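After this come two complexes, each holding chain A, first together with chain B and then together with chain C.
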Partner chain A sequence: MRKYHLVRRADSQLKRTLIYYAIGILISLTIGAVILISLGINPFEYYGRMFTIGLVGNRYGYKSVEGLLKIFVPLLITSLALSLSFKMRFWNIGGEGEFLIGAICASIVAFNSSGLPNFVTVVLMCLAAMISSGIIGVAIAALKVKFNTNETLMTLMLNYIMLYVIRYIGDTKADWNFFLRKDSERPIFGSFPESAVMQGIHFGKFNLLWSVIIAVILTVIIYIYLKFTKHGYEISVVGDSSSTAKYAGMSVGKIVLRTMFISSALIGLAAALAVSSAGTVSDTITNDVGWTGIIVAWLSKLSVPAVFVTAILISVLQYGCQAAATQYPAIDINFADLLQGIILFSVLVADFAANFRLVKKEEAKNA
Partner chain B sequence: MLDVLTLFLFNIIVYNIPLLYGTTGEIMIEKSGSLNLGVEGTMAIGAVAGYLAGAKCDSLLVACLVSFIASGLVGLLFSFLTVTLQANQNVTGLTITTFGVAFYYFIGNALSNSKGGWPTLSGTGLDAQSQAIHIPFISDIPFVGKALFSHGILVYVGILIAILMWFYFNKTVPGLKLRSIGENPAAADSLGVNVAFYKYTHIIVGSGIMGLGGLYMGLNMGGTFEGSNCWINGYGWISIALVIFANWSPAKAILGTLIFGFFNTLRVQNAALAYTFPNTLGWLTKIPSHFFSALPFIITLIVLITSSLTSKGKSGEPQAIGRNYYREDR
Partner chain C sequence: MKKLLSMLVTAALALTSVFALAGCNSTAGEGGKGGNGKSGSDFKVGAIYINSQNDTSGYTYAHHHGITEAMKKVGLDPAKDLFIVDNVPEDDEKVKQAIDQLAGNGCNIIFGISFGYLNAMDEKAKEYTDIIFSHATGYLSNDKNFNNYFGRIYQARYLAGIAAGYKSLALKNNNIGYVSAWGTEYAETCSGINGFALGVLSVNPDAKINVYEISTWGDQELERQAAETLIDTYGCCVIAQHCDSAQPQIVANEKGVFGCGYNSDMTKEAPKAHLAAPIWNWDAYYATAIKAAMEDPANFMTKVGNYYEGLNAGLVDVSALSENCEPQTKEAIEIAKKMMVSGEWDVFSGVKLSFSGEAGSVAVAKTDAALVDNTGKEIVVAGGKSVDDGVIQGSMNYYVQGVTQVN
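The block that comes next holds the complex of A and B.
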């Protein structure tokens, strides 16, 4: 007989969770430091450079912040959107695919928008992206609700189908293909007309894009939606137990469909903002937010304020690695992904330690 | 003309056997009720570890062992996190993929920039041992001999693993117990099956098998490391799709590998085919290659949806897949 067994802690204290998480992250950074030392690099210098994202002693520092925000905004919105569906235990891992659908539809509007006012174009782009992504999300949710089709695998397939769709668009020279530059022999994605490019507010040289402001406002709205509205309450009940929700008289199917529409539409919005900020589209426009967003949502335990903070941290990690790569050619940008993975593994362990404890089995049981 | 067809069949097998490794490995894991989305990363780690060890020791056997062990360790990590620590399987699997692919690039870049450089394959014992084996008489049979019986040892091992696994699942007691865990872990537990032990061992072995597939891909690419293109190149994801297509059966996985491999090879060789048979297959060049790339995923999506529309009884999908088993929740 095993002497110990695991018991789920009855209470979950925020303080304890935070302490365990901090220890987990510290251990991951130590593992990262060991890797750096083995390559003959001073980890303090490297981490210092990474976490300051190349701001210190750089007169183009404002560019770093702008670059960081371009990574941050899509990641934040996607992570929030994914946590909405994860809260109902709906495993939407199709963030990449939904993002690409949104990006393609927003680009269709953008490439045909010359002459329209900037504000109108960007709003149209967002609407096109949200509706198209939302419809796909609802279709998948409907299959899940009606026939119990495995949504994890469906959304996974969607990611790859969409990836090849955008690659096809990007590689095919044809008269109909307005995505590509007309003046180039080789197929290259064209730039959006000026009307479709995201504008911002200038603070000196620094340009604060509207997409950042939209993302912050959206975070607040989603927080309120989940915390204080009937819809938000329904989502959490469905997540806890769909049979409880059913007996409470909630229409589970309707809630799942509605939430998946919102979730996918938000990812579409993230895509529209991303293509508009970039001023073009490409098959790497997602920057893996569909995958990273899952990690962010999970690290944050699906809490909106935590998603906001974690998305900043992960963006700093990724952008910081890019910034440090110029100084340290031996370390490529994959170090960010490597570290991200180690952090998640440690946090999963920390999460367990915060929620379970070992209990000695009573000797009486064996006697 | 026959040459083109022979080469076509030969290429289907040579380039797509890694799918069989990935798929059989994933079937073993999914049959225990766990969904491991880390196939791509597990294969990448097995590939890089096995290749480096094999190149150093000049031995294919060492390469296979190391790649099996390295990927098995990844499987151990997955089982520790999901079985013992009850972590979410999707998140853990996806992180393994992110981590594994980053590991591949990181090690590759670090070695390429170091003094010794990335070890080359050509001329090593590893290269010689992984070359096609000429079987007397059988390999000399026209058409069939070249297409089916002129392969490296790892091709035959992959097929053997699939056959043995089918036998294991369907004809042995441990295989039956494993399937019962995948269907209903609580029931299996109450009948005295050690659920955690079964999950651990099968996740580790399944991951190890994936690692061999990764190693195969590396050897097939001539062992050259490219900073922009991972050896695994999405085959891990196709393997996950293939598990569904094969309806969780290792025997059907062989057939599925050939079918997916057929489309894959069609994508690469459509020009050669269209050139040889201009009248019958000339239209092939009109189909964009991306369509063939997306086809495995499109087919799988359709299979997924249609099989859920029809009766659940026939599906080989383990009913408890993706959900962790925690005894006290029983």
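The block that comes next holds the complex of A and C.
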């Protein structure tokens, strides 16, 4: 009887990894192409539109770039935040929930901000979101530190709790509910007053939102924080081995609490920027960044510059898939989702294959 | 090292996109199906759907079918001139992005079919003043390029009610069931229930309409359970519905009772049970709107405006009566339909219709009678004019006499 073992490759060859990735992507695009051809669509043309996010021949191309950036900013910040906690092996998969708490609290400020200056309102929204998300993050970290609860389970459940909270807000017509549009018989989320809507710098027609600039600056700060500060060093030591950290005299509990606060607060900030850019809130405001962010962080091996680049590429993939689907009446978003899934999956498999290999048991013994 | 690897992955991704682009450029000359190829006409239609255009039944299907039929009617090719963003949730940000996409592709008119697209369409209509925005089930509009549209489906439901009424008389069973997505929370469901009930009562004044609310627009399992409860517990002999799937009709078929579907002729799903279904012919509106937008977009709001039509415009109707219907049904429905088409009479007025007589000699009596809700409150005085359209569309929140919600 043959038995196979997975063995981590001793060497990590750059060339091999590169080839594996290329093969993975090529295979996924080929699968997509077969489906497209079966629907009578030229796959080259389709992929062309997809990877150019539908910019070619678009009379409002600058809007597409703005739309892309609105997807990119929350994804980038959330992925960075998740990388922080993953680095110390704290499996925070509650990105969705933390994002929604932030979004709700920022919206509470926003809906009651008429008359306040724009800058003040947006700062207050960010603070409200960061503090609320941060507290929830710390609470879950505290349970882990104090009672050794399973943070994966806790953060996962948080996602659903918050999803239902915001759905409840969105579906409940009542006098107290300032989230909803007043003149509508049916419950529907209202729009923020002008004071709470994110402004930007205009380059001709193109409006570069401040949130994009904030996100880029934040990336640099987090990079420095992780690379050059004592805190950053502590996080990586805790991630490598909490016993080592303990013996080195570090207070592991404190580090976990602090890092989780920063991680959740950052996700809250992402939410505040997202609702402010959107000018409203909804139960789909997260755009699944809590989940996609995990993939981004993972694909990037938790490296900050890589997160930045990967977040751009995933945003292009997401936005491009929708843009391309729009131009073909036969293609619905399910196909776009399917293609995205196939591409991400094959990249992950390629990553795995580049780092591990299958060996027969005897071989493994000999090795 | 790891960092470098990840950078390379992304580089690889970027590289493939460049290849794909090159491929695109080489084929662009063929003038593909997308928006950039030159088609016969420059007019382009945009649509934002709550579900997928590839659905085979339900709300989005009905609208998509209507848009494609209408486009063919006015000489546009749906394969070239139609741009769709589908599965768009009721989220302003996502709707706005969808509109930007459609605008960027050069759409001249954009239809949004779900109520929750309201804010985004209102806002974007001000931004893209050269594009016409048309919103189903909404209540906002402006005087230049933004209207709303819906139909008097309660008229079609009244007609289906007549079919159900005759069935209950024949079976000597006054209990009629109604599986509804929502109850009095939404004027759309509430006016539908009332319209149907008044139709039933015009034939069988002793009938009792039992409404079971499932509190969601579509859930096949709940729709099924609701129908089962109405038949088993409340002894209903006809099951009407305002929900997405044909499950209530299928249950009626299984249990040997009868039913009135919705949205499409459900006789094929329930051959032994189905009587007639209130249906939408959205192409009636879409053809009007697209034609007006093509010919004279500047005067769209004076020519089309906010659109709320019914049997008269062919926007709503009942499906072909099945063989399960009682013999008098056809004549009675024709009489009522004629009165509504001519505008002589409407459902929610202070005048009620009563049908009598056998097949071949069905007669109708018009009598002044107050429209009363099921708590005894008078809504319209005897002989009074119909309830306002605004109420029927937006704020009707009472059941008429004869209706009970069972859950």
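One rule holds in what follows: the second predicted complex is superposed on the first by the 327 of 367 C-alpha atoms of A that agree within 3 Å, B and C clash if a C-alpha of one lies under 4 Å from a C-alpha of the other, contacts with A are read in each partner's own complex, and residues count from 1 in each chain.
Note that in this section contacts are C-beta pairs under 8 Å (C-beta built on N, C-alpha and C of every residue); 3 or more make two chains touch, one makes a residue touch a chain.
What you see is a predicted model; the values in this text were computed from it and never measured.
*Asks:* Can A:D332 be said to touch chain B (first), chain C (second), both, or neither?
*Replies:* It touches chain B and chain C both.
*Asks:* When the two structures are overlaid on chain A, which partner does A:T152 contact: first (chain B), second (chain C), both, or neither?
*Replies:* The answer is first: A:T152 touches chain B but not chain C.
*Asks:* For A:K70, using the defined touch cut-off, is the partner it touches chain B, chain C, both, or neither? Pick first, second, both or neither.
*Replies:* A:K70 contacts chain C only, not chain B.
*Asks:* On the A-aligned overlay, A:W298 touches which partner chain: chain B = first, chain C = second, or both, or neither?
*Replies:* In the superposed model, A:W298 contacts chain B only, not chain C.
*Asks:* Counting only touches as set out at the top, which of chain B and chain C does A:V7 meet: first, second, both, neither?
*Replies:* After superposition on chain A, A:V7 lies in contact with chain B alone.
*Asks:* With the two structures laid over each other on chain A, which partner does A:V165 touch: chain B (first), chain C (second), both, or neither?
*Replies:* first
*Asks:* Please determine whether it is chain B or chain C that touches the greater number of chain A residues.
*Replies:* Greater contact footprint in residues on chain A: C.
*Asks:* According to the stated criteria, A:L344 is in contact with first (chain B), second (chain C), both, or neither; which is it?
*Replies:* A:L344 contacts chain B only, not chain C.
*Asks:* With the touch criterion stated at the top, can you tell me which chain A residues are shared between the chain B interface and the chain C interface?
*Replies:* The answer is residues 329-330, 332, 334, 351 of chain A.
*Asks:* In their shared complex, at which residues does chain A touch chain B?
*Replies:* 6-8, 39, 91, 93, 143, 147-150, 152-154, 156-158, 160-161, 163-165, 167-168, 171-172, 291-292, 294-295, 298, 329-330, 332, 334-338, 340-342, 344-345, 348-349, 351-352, 356
*Asks:* For a test of understanding, state which residues of chain C touch chain A in their complex under the given definition.
*Replies:* 1-10, 12-17, 20-21, 23-28, 30, 32-36, 52-54, 78-79, 82-87, 89-94, 96-98, 100-106, 115-116, 118-119, 123, 139, 186-187, 394-395
*Asks:* Would you mind writing out the residues of chain A in touch with chain C in their complex?
*Replies:* 12, 14, 17-18, 21-22, 25-26, 29, 41-42, 44-45, 47-52, 54, 56-61, 63-64, 66-67, 70, 181, 184-186, 188-191, 277-280, 282-285, 299-301, 303, 305-306, 309-310, 312-313, 316, 322-323, 325-330, 332-334, 347, 351
*Asks:* Using the touch rule from the top, collect the residues of chain B that touch chain A in their complex.
*Replies:* Residues in contact with chain A: 35, 37, 77, 81, 85-88, 90-92, 94-99, 101-103, 105-106, 109-110, 113, 227, 234, 237, 240-241, 244, 288, 290-291, 293-294, 297-298, 300-301, 304-305, 308-309, 317, 321-322, 326, 328.
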